[in-house]
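The structures considered in this document are given below.
Each of the two complexes below includes chain A, the first together with chain B, the second together with chain C.
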Partner chain A sequence: MIQKKICVLGAAGVGKTSLIAQFVYSKFSEKYLSSMGVKIDRKIVQLESQQVNLMIWDIHGEEKFKKITSSYFRGASGVIMVADGTRPDTLSVAQNIFQRVEQDVGNIPSVWLLNKVDLEDQWCMSEGVVKQLNEKYVSVYQSSAKTGENVEQTFFNIAENMLNV
Partner chain B sequence: MSERLHHSCHAMPEILAKRLTLNATQRFQPAWLQLTKGGSDILTVGGAWQHYFDVSPRLGTDVSEACEVLLGMLPLVDDFELSQIQLVDGQYTDVIALCDHDSDWLLFCDVSEETEKFQKYQQISNDLLLLQGQHQRTLNRYVGSEVVRRDAEGGLSIKAKGERRVISTLFTDIRGFTPFNESQDAQVVIETLNEYMTCMLDPILNQAGMIDKITGDGAMAVFGVLDSEHGCIDDAFVAGKQILKAVQTLNEQRQKQGLEQLGVGVGIASGEAVLGMLGTHHRRCFTAIGPHVNRAARLESNAPAGDILLDRDSYLALHQPIDCLPMSLNLKGIGDTCVYVWHHKKTNT
Partner chain C sequence: MTDHNHHDPMQQLRKLLFKEEEARISAIEEVRDNEELHAKEISEVLVEALDLRAHDEGLGKALMPAVETAVSESIANDPKAFADALFPVMGPAIRRSIQYAISEMLQSLNQTLEQAFSPKSMLWRWEAFRTGKSFAEVVMLNTLLYRVEQVFWIHKETGLLLAHESFDPSLTEDADVVSSMLTAVGDFIQDSFQGSPNQEVQSLRLGDLEVMIEQGPYSVLAVVCRGNPPRSLQVTLGQTLEHLLQTFHDVLKTFDGDTSHFSASHDMLAPLLLVDYVDHEKKPPIKLIIALSILVISFVGWTSWNVEQKLALKHRWQSYIQTLKETPGLVITDVDEHEGIHHIYGLRDPLAIQAASLLKKFELNEAGVQYHFQPYHALDHGMMLKRLWHLSKAPSSVSFKIQDDVLYVYGKASQAWLSELQLMTQWMDGIALVNVDAVDVPKPPKTFQERVMMLWQPIDSVQLHVQGDAVMLTGSATIAWLQQAKARLASLKDMASYDDHAVLRLDSVDYILQLAQQALHPPRGVHLSITKEHILKAQGAASASWIANAQKKSVALKYILGFDAKDLKILNKVNLARVIAALEPPASVDLFLNKGKLLVKGEADGRWITFANLQALNIKGVQSFQNQVKQIWHADAVLEQAKLRLHPEPSVQLSFADGVLHARGQASKRWISFVHREALHIDGVFTFDEQVDMIYSDEEILKIAMTTLQPPEGVRLQVSQGVLSILGEADIAWIESLKAQVAVIPGLQSFDIKSLHAKAQADGWEQLQIQVASTRLQTFANHPLLTVKDEAALKRLSNIFHRAVELHPDSRLHLAIAYKRSEKLVLMMRNHAIHQGLKKYGVFESQIITDFSENQGVKQDSRIVFTVIKQP
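And now, the complex of A and B:
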């Protein structure tokens, strides 16, 4: 079976771990637990053509004094870039990380998530920002780790894209 | 294939050997693998490998069978370090990869204790960061992001006992709101109000204005409290123009949807005012008090929809000349006053 490594990247507290927990274990917790280093989860997905064993790297959030080291990106076939739709500054953090990914690993498939779309009253991403992201990147979703909105689609999308490279 | 594991590290590069010694006092002893140069087959295994691998690493086999974390990283082409990799049992390890002359090396060092300690600090730090962001967003909604930013930088200080400054005050209000309110369902009214208030408040905040109060269907804002390169009257006038333009755009959208359109009038006056904090220790609010504030309110109440009425002081203080119509108005409680009328010309948007 084909194995592929995916890195899930973004600022601290954007919901990376929750997205993975929703996808792999169908679980969600309201409690925020800050991730350390890297936690690796696995899930086999059945695509139309074949099965793929996804090795999902949940990498700690980028912080001002704790940057993500590029060695984590080694061997990655795809990246899921996550921003928090209620905190616009997390989008620029994700874009900075993505620049480093491109420098180190080259052009690999990416899916962009504006997460926490369930928090309607706190949502800060304007239609203009979403449009700009859609113009710049192929796959952009508004997701919710809480409700599961677009979570499965994200991982299937990246799996398909990685196979098509 | 021999299953015997070699527990020797005599050929290990010095830098790894040092690291091995440094980590010897950790909860779990380190482990190492020696690999074929430029390949990924295991030559020797040593240390507490049982702690780090789910599958026993067998000599002569590919290392990725025992250590999935290295997927896509083999054969080694340069040195690297993977910090704080969480193992299946929840413990953490650093993985150090080193390319030597004749073989490549992987060292696994337990870092669980430091990681657990650091996690507590990071949790507190991130919780505070998220809480700070939450408070900032709440404040942004009520006083504007620029005010919050300047306050955080210490650039916004108003003495509680009052401070005299020359400022411009802008009043804006929806025309025909009362009959609209009476003829519509309350839910429709609040949704409509929110649409118009966005048109009215965003331009104020964008021009370094401070919203003093929101009066249901209107607002009072002051310019000159926050520093600005343009000057308070120019900021107030630009904000007024942007309000009328935004309202025009909104009305065009509402017209297409068959919804009722509302107009907005603006009044601006300038002069010296006392800025201060009113209220008790528990609940205070910023306010501006001065004769021109009342004048601005009267100008707004006389401004037809789509017009800005300026007092003489404001008009004369503008840095950019504007196309205005001077006229005399009898303002309630003030008397005959020279005012300047600027009319928003509808543009195709």
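And now, the complex of A and C:
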């Protein structure tokens, strides 16, 4: 079976761990435990043509004094970039990380998530921002780790893209 | 000059003679002068030239400095590329030298160990004895040096698992995750301790497990060991890794996640699952030998002290043997003594007395004797009779005698026992004949079953079961036959029970009726019964055709003597016209009539439905009625009903349309909540749409005002006709915050603070501190931003702060944070949510002191406590 490494990246507290927990274990918790270092999960995904064993690296959120080192995304075949749709500044953090990924790993498939879309009353992403992102990065979803909205699609999309490279 | 040359005959001659040579010379000159061409020329012969002088030492010497600089520059530029290239060559060489060093070290260590005397094995025996474990198990536990439990071959760049081996197959499942995690841990450690990229993790220890890691180009080999693996394992890992690299070099270089190429690695990886035990071959333990010698010496002393007793014992022993020899059923063939134990050999009849039971009589110890008896049958008459008694289980009324190989039997015995005895004695030595002439054999009584059968034989359809003295019948018979049978058997006085209830009574009324029901299939309206005279009687109503058919069939039924249809009505067919005439259904109703069953569907109002329910079954010929009509309501009637039941207050308008009851206007809170409970219970109302403005009573408004404003001591609230009056004295902050808060009180028309006075500012600083301390922010676990409520609190806080600055220009707002969930608050502060919030109101970050360490004891929710302090 084909194995692929993917990294889930973004600012702290945007819901990276929650998205993975929803995808791998169909679970969600309101509790916030800030991740340290890396945690790795595995899920086998059945695509139309074949099966892929995704090794999903959940990397700690980027913070001012705790930058993500590039050794974590070395060897990745794809990245999931996550921002919190209720906190606009997390989007620029994600874009900053992505620049470093492109520098170190080169051009690999990416999926962009504006997460926590279930928090409608606090949502800060205008249609315009979403459109701009779409033009720039192609695969952009508004997701929710809480309701599971677009979570499966995200991982299937990245799996497909990685195999078509 | 040219001219001159032209005319010089000498020159002309030269030109004629050497034209070609001149061209060649100038070509050569050009080559000599032009550096580029020169280099090209040399390059063409350089390889051959070097080849020619390859054996010349001078050439090597000449080139050396240049090559040295080139190599060292190249290494300085990228040492890794160079190391990767050299790895297959240098690996073995380095390893060999290290191996040599290690083996030498081990050798000396071994010698030191061997010379030391170790009582370890004695200790282990003691441990085994103490813990109840087997000695082997203790040795196993103490001697397991190490065991390689799992082998991971990992792709270096991606951390993906290339291949995996495990001593326990159940451990394979999460190998891929472990593989990635190992890589990540390596990254993490390097990252955390700022190692350079060329320093890599070599081993990790987790309790009893050690992970040894061998890094190579492209891939990494990691093994998980229990115990203390020898350092030589690292060497083995290195060798294996090199071997793997050689075999899979190309696929490794272009690895894209497909691990199927690496299945052949099994043969190289599986041998790494090593296990080793400590070797405990030792010199003989001197202490043990000394201990044993002491034991032997004391034993000898003890023996001589006992010599006298031994002699007496010998005498008693001989008497014992003599007695055994004389015992019937025992034959002693040999006696000897071996290591203090007497061995007695011979034959023993199983019925003879136990030789050991005589020991006591001679004061001998049972432990000192071992018997080796072969079983045999003694043929003296005494033993034979004993055996006969034993084997034949003879009754006490019998006695035996043996004379001249003939067994004489006397007394009373059953025939069965006698035949058994005869059979048995055929195989007994010493008895040729059995004489039973003198035995009195009583005749056996007939069994109960035999007597039953003599009295009475059942017919074929009945089976007879006799169990002990109970009789049971099964099968089928007529009632008369069963009565007869019972009467016959009644004469058996010792019959304990008689049971014939399982016999099917062929001519019973129930059975005949059952047969008739099966044969005639009466329709639902017909009831069948059997009279005493076995006449089949039908009551109710049925079609003429069924009646005729039933009459014909019943004649053929066994045990039925006639068919009585006097009480059977002949059924008329109903038609739809009659039903419509009777029910007068509205156009929205459909009728369906099938064999007397009436079904109605569609829509109608409640009155018609009730009428149809009452009337339908009165129509002649209608046997059943099913009403599936949906009830519909007239709007007027529903509205009337609603007005009656809801008692709407005068300022309320009710209307009804399409199942929805609308309420508009204004009403009291009490009526609104009442109407919500009631409205949906009104027939015909499916949805209730209430858009009534609530009218608040003065008391209600006051209550809300009290909880919203929380008036401090000295302040009184009054509400009259929707107007709130605030009276008394309060501090300015509270008064300033009033406007915003009053706005959210529902039902309030206006408010009046004419009689509210601001408190004197004399003790302003303490007041401020109290106010600040009582300010609370509420936060939500899943979202770090401030909520609307928080905003109001922040505004209040900044007002107070401004006044504090007026009082003490250098005051600071001190945020002490009481928290249960630190990470949540860290996130809050990280986003500067509070700071930003306060900034909006003119309080700047530099004026705020944040303190996380205070109030850690708070158990309940996350709370933020504010204080204002004077800067020292």
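General observations
As a working rule, the second predicted complex is superposed on the first by the 165 of 165 C-alpha atoms of A that agree within 3 Å, B and C clash if a C-alpha of one lies under 4 Å from a C-alpha of the other, contacts with A are read in each partner's own complex, and residues count from 1 in each chain.
Rule of thumb we're sticking to: a residue touches a chain if its C-beta (ideal position, glycine included) is under 8 Å from a C-beta of that chain, and two chains touch if they have at least 3 such contacts.
This one's a predicted model, so the numbers in the text were calculated from it and none came from an experiment.
Because the two structures share chain A, they can be overlaid on it, and in that overlay chain B clashes with chain C. Of the two partner chains, chain C is the only one touched by A:L119; chain B is not. In the superposition on chain A, contact of A:L47 is made with neither chain B nor chain C.
In the superposition on chain A, A:E30 contacts chain C only, with no contact to chain B.
Of the two partner chains placed around the shared chain by superposition, neither chain B nor chain C is touched by A:V138.
By the touch criterion stated above, A:A76 is placed in contact with chain B and with chain C alike. Of the two partner chains, chain C is the only one touched by A:M1; chain B is not. Note on the superposed arrangement: chain B collides with the chain C stretch 816-824, while the other options among 654-662, 816-824 or 852-860 stay free of clashes.
According to the touch criterion, the shared surface of chain A, contacted by chain B in one complex and chain C in the other, consists of residues 3, 5, 12-13, 32-34, 37-38, 40, 55, 63, 69, 71-72, 74-77, 86-87, 122. Within the complex, the chain A residues that touch chain C are 1-5, 12-13, 30-34, 37-38, 40-42, 52-53, 55, 57, 63, 69, 71-72, 74-77, 86-87, 89, 119, 122. Within the complex formed with chain A, the residues of chain C that make contact are 155-161, 174, 176-177, 180-181, 184, 187-188, 190-191, 256-260, 781-785, 821, 823-824, 826-827, 830-831. Only residues 68-73, 80-86, 92, 115, 118-119, 122-123, 125-127, 129-130, 133, 137 of chain B touch chain A when the two sit together in their complex. Chain A meets chain B in the complex at residues 3, 5, 12-13, 32-34, 36-40, 55, 60-61, 63, 66, 69, 71-72, 74-77, 86-87, 122, 124.
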